[in-house]
Amino acid sequence: MNQWLNDSISSPWREKLATPEFTHSHQFDDNAQQFEAASLGMWVFLLTEIMFFGGLFCGYAVYRSQYLPSFEAGSRLLNVGFGAANTAVLLASSLTMALAVRAAQTRKGNALMIFVLLTMLLGIAFLGIKFFFEWIPDWRDGVVPGLHWVPTAEVVQHVAGRAGAVLPRVELFFCFYFFMTGMHALHMVVGLGIMTYLLLKARTGALTSGHFAPVEISGLYWHFVDIVWIFLFPLLYLIGGRY
Amino acid sequence: MSEGTVPVRIYLTIFACLLALTALTTGVAFIDMGPLNTVAALTIAVGKMLLVILFFMHLRHSPRLTKVAVLAGFFWLVLLIGLTLADPLTRHWTPGPSPWDGTTTQPQP
Amino acid sequence: MATMVAEPPRVESRVNYLNASYGVKSWLLTTDHKRIALLYLVSITFFFLIGGIAATIIRLHLISPTGALVEPATYNKLFSVHGIIMIFFFLIPSIPAVLGNFLVPMMIGARDLAFPRINLLSWYIYVVGGLFTLYAILAGGVDTGWTFYTPYSSTYSNTHVLATGIGVFISGFSSILTGLNFIVTIHKMRAPGLTWFRLPLFIWAHYATSVIQILGTPVVAITIVLIALERVLHVGVFDPKLGGDPLLFQHLFWFYSHPAVYIMVLPSMGVVSELITCFSRKRIFGYEFVAFSSVAIAVLGFLVWAHHMFVAGISIYAGLVFSILSYLVAIPSAIKVFNWMATIYKGSISYDAPMLYALGFIGLFTMGGLTGLFLANLGVDVHIHDTYFVVAHFHYIMVGGALMGYLGGLHFWWPKISGRLYPDKWARFAALVIFLGFNLTFFPQFILGYLGMPRRYAVYPPEFQVLNVMSSAGASVLAVGYAIPLIYFIWSMRYGPIAGPNPWKAKGLEWSTSSPPPTDNFEQTPVVTEEAYAYGD
Amino acid sequence: MVNEGFSSITQSLNGPIAQFLKDMEPAGFPLFPEQASTIAGGVDRLFFFLVLVAGFFSALIFILIFIFAVKYRRRSDDEKPKPIAGSHRLEIAWSVIPLLITFVMFGWGATLYVRNSRPPVNAVEVFVVGKQWMWKLQHSEGQREIDELHVPLGRPVKLTMTSEDVIHDFFIPAFRVKKDVVPGRYSTIWFQATKEGRYHLFCAQYCGAQHSAMTGWVYVMKPADYEKWLSGGGGESMESSGEKLFSRFGCVNCHHADGSGRGPSLVGVFGKPVQLESGETVTADEAYVRESILAPNAKIVKGYPAIMPTFQGQVSEEQLLQLIAYVKSLRTAERITK
């Protein structure tokens, strides 16, 4: 078991990480150990995040299984076009993030800054589409539970037209829609903060001197947020039956 | 991570796959397949997730420990959702009377 | 004691983590895991006092069937405060954040945890969470019980549920970060030669605990967020009027809160394994079994939560599944107890105070665990659910188990932490008082429970009075028992005799360095060449 | 079968043990609860079995600690006991034996649980509504009570319970029955009293400020006395209250007995499967009738339009129960007037 769990960074990387420009923190023995610890730490944190969103997914699964028609009716009120477009935007930001990590690994300072900036812009684009093209129209339709739940006549008619759908349970769907997309957007905002930090740090050249762990683990976080959306998109927008 | 950096070409290919899968899952949602719609949507989502985890997050080249950790995370997620659903999905199930049940109760109509 | 007070013993002049720097700032901005452990020690002792005061008033109140002291509404706030403080702000951080923080790096031969600044952050998060909860208490209290059951907490209670919820939510992240730090540290920072099967069992126990902390805590965090949203926005996630299901809350809550019991008791088991081996001078019997039983408890502990809901209206099918899973988790606990017994068999047992706590732990935990079998039983649980039987059972686990282990560990490592010895006679006396007071407090509650006295009752039928008075009498003995160590620990910091690096002649890396240890723990990185607990050599 | 065997062994023990415990009690200081229902004996038998097992292992551990503590105490400071690494055989023994014992416990408990969760069909029906902080009960014959429950001796009684606000819990220690009373749904318990007398009724789920005052008494009466008590209250039966509500809320305008109305006929529906528009089939139980009144569109009967308005907020929990009692009584067509 020792052997099995202890396979770690292979020697080419170990050499690359042993750069003179960066000195590891006092508790570590070398740069490679620090890198491994940082990476494992982020993965463990992401496990926590999985379970955090997991609670919401669990609630969603329970209510969807009980109130399928209402959840399908709610789902069909969402705009699948914007959902799909946003998925593409977020996937693109993941690509630029991956390229940013690569730029840090290959010590290309300018490329790093450009890709981080692109990632941020795509992230902002995602939030913009979400806010202006989805949440604001939702507000106009009066389908924001708690804050503004006065569904318009069309919404009511749509719900009534779906066999088995009931307005209060469609409200429950929208509760989960806003909690899940809201919590996701909150994580995006945090991600943008991290990107800003990377950008400032990258200007000093600290991230392209061999110690690219901050970029790598920020990337892990960003990709995780992307993965959450990869599941939110079909669960919220698609499986209501668009046919 | 053993081969050093991943070539840009691979990142671009993965991105193209992800976009194609997004188009596919959106398209499939417009075809009536009954319960299979849900299955298809989730299968494609899992596929996309695997692409992101394995390539963008470099899990393919990560230490075995990281892979174990990721598996553990999904295992626990399945536990949470699966065991919770075990209750609401079976609330209408009443066990039938069994031969050793004695005579104090009668079967339900 | 009087003779010792006469002359404070000579202070060792060597630089250690305590005298490396001075001033409030050197403590509040420290990243040294040992100093952070002491910050935690002070803060959890403070919260223990608050929780203890609440418990004292509760027991005094229950002397009379009509309630001797307070209004029922106040009583409800008291037991809520007692539960919330004791669980979230004392028991969960107790061993991991104090002893674990101090010892995990030392036991594996590391200079510090992997992320020292995150470690300090986790303490600040804990303090902020604690302040929110204190605010809620001072502003008028909260009356939902520590379980926050909906729809009472989300709709009907008009007390400070929100502030308390925020406090618990925040403090959860402290627990997550501690667990994260431990996992990374144990994986990545072990000294050369320290393979997995040479690790002290304390480390195995903390590893298992950390797994629960990082995978369970976020679920209760999001659940509390849902309650807060429901309270503020009046949406109906758990409100039946909108189709919400109050039982979903219970599922999500117990998904964390049942394993949370193992966050409290697993580290305690780790401590007991250290104490038993040291004070009987024997290596542990069946090392692999004790080690893996910790992991098994952590994993199986996640599969049993709905045994808290057998009468709540879950499906019969789910009841059957969760009942049999609950029985499975009994097995690793039994394995541990039997292995400890086999360890002291033919040992050379000495009765220093820590060993008394360890033996007390084994006895009380056994009783707590065995009464758990009653509650996992579908047939009997229907009657004893939500009665004093449950109260007695979980106090046997949490106080008889977790707290005894914490005190045992504190006595064992106090010489390492402070560099001083405490008066052993007083310590043994206190251990005895606590053991007797504990049993007098909680054993009558088993009988009360089977008689049918429901928990959380401010007034009760008069025929239950005798047993309640016995319980209250025990509680006062228990309170005295807890006060004694507090006094002699404080006394020993100044007047205690110098301990030396290894007063118990114990094995383990933490005893190979000086007491108190230097800031970097070891003069040079130790190299491990032997199994854990090599007492025979 | 195994459980039957256990039961018969312990049955012979249960009576004497319970009796002995009762005899031992000082006045006004009970140590063991009254056994006053057919369920109680079974639960106590299992309880005694568990006490036996738990007692045996507790005693084993305590005695071993004591013996070891004395026998292997440190006699000199340089003692070096011989290390023992472990024994797989012992480990297997003390894992498998407890596992087998717990399986017995599980099987026995599960049998009781399943058996006790199935009410007999001929039970006396009582309906319970919990609210902060009182129990409102109504017998199907119409007699109402608050915080008191009168039941006949020797006849099974089934309670159908719901809550107006938070979760409560209906707990009668002497009968060994307990169940959470959850808002928005119906939970049931049943029992058959075996001893005349007055027994505690508790709310066992924390429900707010006066939780500990949400208590009451259960009176077990001779069947004849019970009949007399029932007829004493006057009032109308739940069915006829429900019938009146049925016309007051205008249900009768659409739900004609012969099926000619805009809504489906309710005659002979209760307890039978219902075909839904969505293709599913559900059983028309209490929960279904309740949902159909409060959220009519959730389950549309096949062949009928979704035109029924919701009655959420207009009909109280008690009225719902009365309507259900009425729908239940509609076995044949002549019950519906108009």
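As written, the chains take the letters A, B, C and D, and residue 1 is the first residue of each chain.
Heads up, the rule we're going with is that a contact is a pair of C-beta atoms (placed from the backbone, for glycine too) under 8 Å apart; a residue touches a chain by one contact, two chains touch by 3 or more.
The shown structure was predicted, so the numbers you read here are calculated from the model rather than taken from an experiment.
Each of A-D and C-D has its own count of C-beta contacts, and the greater count is at C-D.
Relative to the whole-protein C-alpha centroid, the nearest chain centroid is that of C. When chain centres are set by their Cα atoms, the one at the greatest distance from chain D is A.
Each chain gets a centre from the mean of its Cα atoms; for chain A and chain D, those two points are 46 Å apart.
Averaging C-alpha coordinates per chain places the centre of chain A 35 Å away from that of chain C. Counting only residues that touch two or more partner chains, chain B has 65, 72-73, 76, 80, 84, 88-89, 92, 94-95. With touch defined as above, residues shared between interfaces to two or more other chains in chain A number as follows: 5, 36, 40, 44, 47, 51, 54-55, 58, 62, 66-67, 70, 166, 168-169. Residue positions of chain C with contacts to 2 or more other chains are 187, 215, 219, 241, 243, 245, 247-248, 251-252, 316. Chain D meets chain A in the complex at residues 276-278, 295, 297-300, 306, 312. Residues 1-2, 4-6, 8, 11-12, 14-15, 18-19, 22-23, 25-26, 29-32, 37-38, 41-42, 44-45, 48-49, 52-53, 55-58, 62-66, 68-70, 72-74, 76-77, 80-81, 84-85, 88-89 of chain B are the ones that touch chain A when the two sit in their complex. Residues of chain A that touch chain B in their complex: 4-5, 7-10, 12-13, 16, 36, 39-40, 43-44, 46-47, 50-51, 54-55, 57-58, 61-62, 65-66, 80, 84, 87-88, 91-92, 94-95, 97-99, 102, 105-106, 216, 219-220, 223-224, 226-227, 230-231, 233-235, 237-239, 241-243.
Chain C meets chain B in the complex at residues 187, 215, 219, 245, 247-248, 251-252, 255, 302-303, 305-306, 309, 314-318, 321-322. By the touch criterion given at the top, residues 28-33, 42-43, 46-47, 50, 53-54, 57-58, 61-62, 64-65, 68-69, 72-75, 79-87, 90-91, 94-95, 98-99, 102-103, 105-106, 108-114, 116-117, 132, 165-167, 169, 171, 173-174, 176-180, 182-185, 187, 200, 202-213, 215, 295, 312 of chain D touch chain C in their complex.
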